[in-house]
Amino acid sequence: MTSLKSIIEENDTQAGRYFDHFIRLLIVVSLISFSIETLPDLNPKSSEILKWIEIICVVLFTIEYLARIYVATSKTKFIFSFYGLVDLLSILPFYLSTGIDLRSLRAFRFLRLFRALKLVRYSSAIIRLKNAFVIAKEEFILFFAMTALLLYFAAVGIYYFENEVQPEVFTSVFTSLWWAVSTLTTVGYGDIYPVTVGGRIFTFFILIIGLGFVSVPAGLISSSLSKAREIEKSNQSNASHD
Amino acid sequence: MTSLKSIIEENDTQAGRYFDHFIRLLIVVSLISFSIETLPDLNPKSSEILKWIEIICVVLFTIEYLARIYVATSKTKFIFSFYGLVDLLSILPFYLSTGIDLRSLRAFRFLRLFRALKLVRYSSAIIRLKNAFVIAKEEFILFFAMTALLLYFAAVGIYYFENEVQPEVFTSVFTSLWWAVSTLTTVGYGDIYPVTVGGRIFTFFILIIGLGFVSVPAGLISSSLSKAREIEKSNQSNASHD
Amino acid sequence: MTSLKSIIEENDTQAGRYFDHFIRLLIVVSLISFSIETLPDLNPKSSEILKWIEIICVVLFTIEYLARIYVATSKTKFIFSFYGLVDLLSILPFYLSTGIDLRSLRAFRFLRLFRALKLVRYSSAIIRLKNAFVIAKEEFILFFAMTALLLYFAAVGIYYFENEVQPEVFTSVFTSLWWAVSTLTTVGYGDIYPVTVGGRIFTFFILIIGLGFVSVPAGLISSSLSKAREIEKSNQSNASHD
Amino acid sequence: MTSLKSIIEENDTQAGRYFDHFIRLLIVVSLISFSIETLPDLNPKSSEILKWIEIICVVLFTIEYLARIYVATSKTKFIFSFYGLVDLLSILPFYLSTGIDLRSLRAFRFLRLFRALKLVRYSSAIIRLKNAFVIAKEEFILFFAMTALLLYFAAVGIYYFENEVQPEVFTSVFTSLWWAVSTLTTVGYGDIYPVTVGGRIFTFFILIIGLGFVSVPAGLISSSLSKAREIEKSNQSNASHD
């Protein structure tokens, strides 16, 4: 029994690694088959194949889920843990959909994406990223607050400049917020943009100020990541010196 | 009396924190209700509700404003201080608008946004950001000057390349400046772009040179922020060593 | 014989440098003439000239290729090395195309681009970049994995928000993936964008989270490049101290 | 005479500073009036005013130019120096245009922009930027070479994917280069974009690889700027220690 537990929950045996690789492969296969299902002009044969891939995936995920409950030290704790719920959510829509019409089934299927989150479980490099976030936590909060404020300010400003000239484009502060988001992230789809002189000058100043705020968090992540790595290394060398 | 002063102006009592949270909530509610008011197809009932939210907010902000004057050590100093004026500006439009037609009222309402600036008062992390700006002050001025120069150079250059072929798009150096802003910030709405070979080659070189200038300030902020944090820490450790 | 070998394979004689410059020039000439060939309205005379430039380039590249085989210490090893294969691929399409129709010839010509990769051979600064990649290897893998996950999550999310309203734009998860790529890289062509309120709010959150992930690798490269330079310098000073 | 020389060439007297401010103001006025001249619907009265501003500016720049020649230690050296030629070029178009038709005059007027370069003369913070460029010189060359290679590779690749489906959009490798520039800089005007599945997947990989290359130089500038500042400071403290 200890053997099955180590295969499923740990990573240090050959069988454990094979099990992990297999589950990961299954998740990817399941996500790809789900994506293909959304194609509008799918012939019946392909639909049939995808249906069978789906059934196989769900059966295997169910076995995995039951096995995880079986080997868990505290069964209740596992079932109500984050990953326990994710595991359940990734198989539940399939069982629930039997007997219900197709539309609601498609809505439930969205939850299948949570399977992908399982990928997170296998990565250990996340810890460093977490530390990096902790290092610059205050700056992140400050910058997100300032970005939110700036977005709102930009939305109200552009609304007053453009609403009169383009009432069907800048309909309200909410549509203007959409403009603010797509402009300050520099996406610029081109579905909504200022045409008045005042609106363009306002956009200029908002961009000059805003570009700094919006792209600073990315810079903070990379600089605090290298700091987190330094701390890690100095901890390791301290440990080895002892 | 000291008690009321500490509730309004300080943060270290339970009551003071509650007061701060309440005012912040009120600002957010007021901003959201203002945004909803701009929706073009609002039914009369919603308008009525929004009007009452507005009245309640303004009454509460007025009470807050008068209370701040009451507890201020120097009343005149508070009234003419930055936050004193912001507080006044956030309630004044409501009282002024009575008796005046709706159009001018909407213009005045824009000032209501200043309420949001109150959020600034509650954050202490701003000081670090200020220090970061001071560290790289000279570079910021240099880069803003160079960006301004580059924008003007790009505008004049593209005007000569594109004006003859697209006279209705690149009408003048000012419209070309709008192109320069939306291109060098990489927003690229798609409302204005070069079509001639010369204009495109010019755009290529302007982008290769310009991308550096436009995105450097963001890099400067994040690098000087980490420097500001280091200085802060060394000051703290010096203080604790004494 | 040693003389010819040093001219071709090394860089420390006058003749060797001239040979390198000549080959590099030939590659650039060949690439430009190839680009001009793709112009849709080319007069017969220009086509004739381009054909001759092509023939001369291929002949000279063939001579170079045979000479490299001739001077190679192990002929078989050179032929099957990466650069040996690139050299062969850059001349092979020309010889293979004789007798075959034009369409397939154009497809083969794409391989000619590999000539440009020869430029890589001449640069020694690549080593530092390689070291920079090794330093932040784990972070790169983590960020590419997270970006891939985020792109997929964004695609599925926007598909559910937009597919019903714009079924001809957001046709499937694959078209939604194209939207996710063009949005998270902030390119924003404007061929595909959300119009529903839900889709726009979803885009907002995806961009706020995603901008960090997508632009962090660039920051990692520049920070680890400076680290690689420091290591290089300390190695050099250590070597000179010995 | 020494007095006039110090006013024009130096910055350490009250009169010298006033002279500098006046010339800078004149440049800005001249650039703004030039921009206004390009407006398509200008009434005759405005044109008249702008013409007079132009005449006054040119007269004052001419006096400045002659004064600079007068006070120069070596007159020939000044006339053929970079700034001497810029000064001449900024007034020459005006004198040359008399008697020639308006079209050619407009082409010459582009040179007037060189006046703006005079702004450069007054800034001393440029030196630090120069040092920053020297520090990361090799990386800059490497990244510009790699960006150029990547742009060419992207252009050829997308040409093969898109030319058959959109022959009027992706007409040749040169139009594809324009696409590569506007995509890799993330401007994305939306005038040219891939529609085939192959082209979109190719764009995805090009963007994943390319975003790193294109935005690294900006990161290099900001990191080497802070290094340049450190070197400056340590030099200053060394100097003060002596």
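Should a chain be cited, it is by its letter among A, B, C and D, assigned in written order, with residues numbered from 1 in that chain.
Assume a residue touches a chain if its C-beta (ideal position, glycine included) is under 8 Å from a C-beta of that chain, and two chains touch if they have at least 3 such contacts.
Remember, it's a predicted structure, so these values are computed and weren't measured experimentally.
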Turning chain A onto chain C with a C-alpha fit: angle in degrees, nearest 5?
90
Matching over half of the contact pairs by residue number, can you pick out the copy of the A-C interface from B-C, A-D or B-D?
B-D
Just how far, in Å, is the C-alpha centre of chain B from the one of chain A?
29
Hunt down the residues of chain D that sit against at least two other chains at once, touch-wise.
174, 186-190, 215, 219, 223
The answer for chain D against chain A in the complex is residues 186, 188-190
Chain A residues within the chain B interface of the complex:
138-139, 141-142, 145, 149, 152-153, 155-157, 159-160, 163, 167, 171-174, 177, 183, 186-190, 193, 195, 197, 200, 203-204, 207-208, 211-212, 214-216, 219-220, 223-224, 227
In their shared complex, at which residues does chain D touch chain B?
31, 34-35, 38-40, 107, 110, 113, 116, 119, 123, 125-126, 128-129, 144, 147, 174, 178, 181-182, 185-191, 214-215, 217-219, 221-223, 225-226
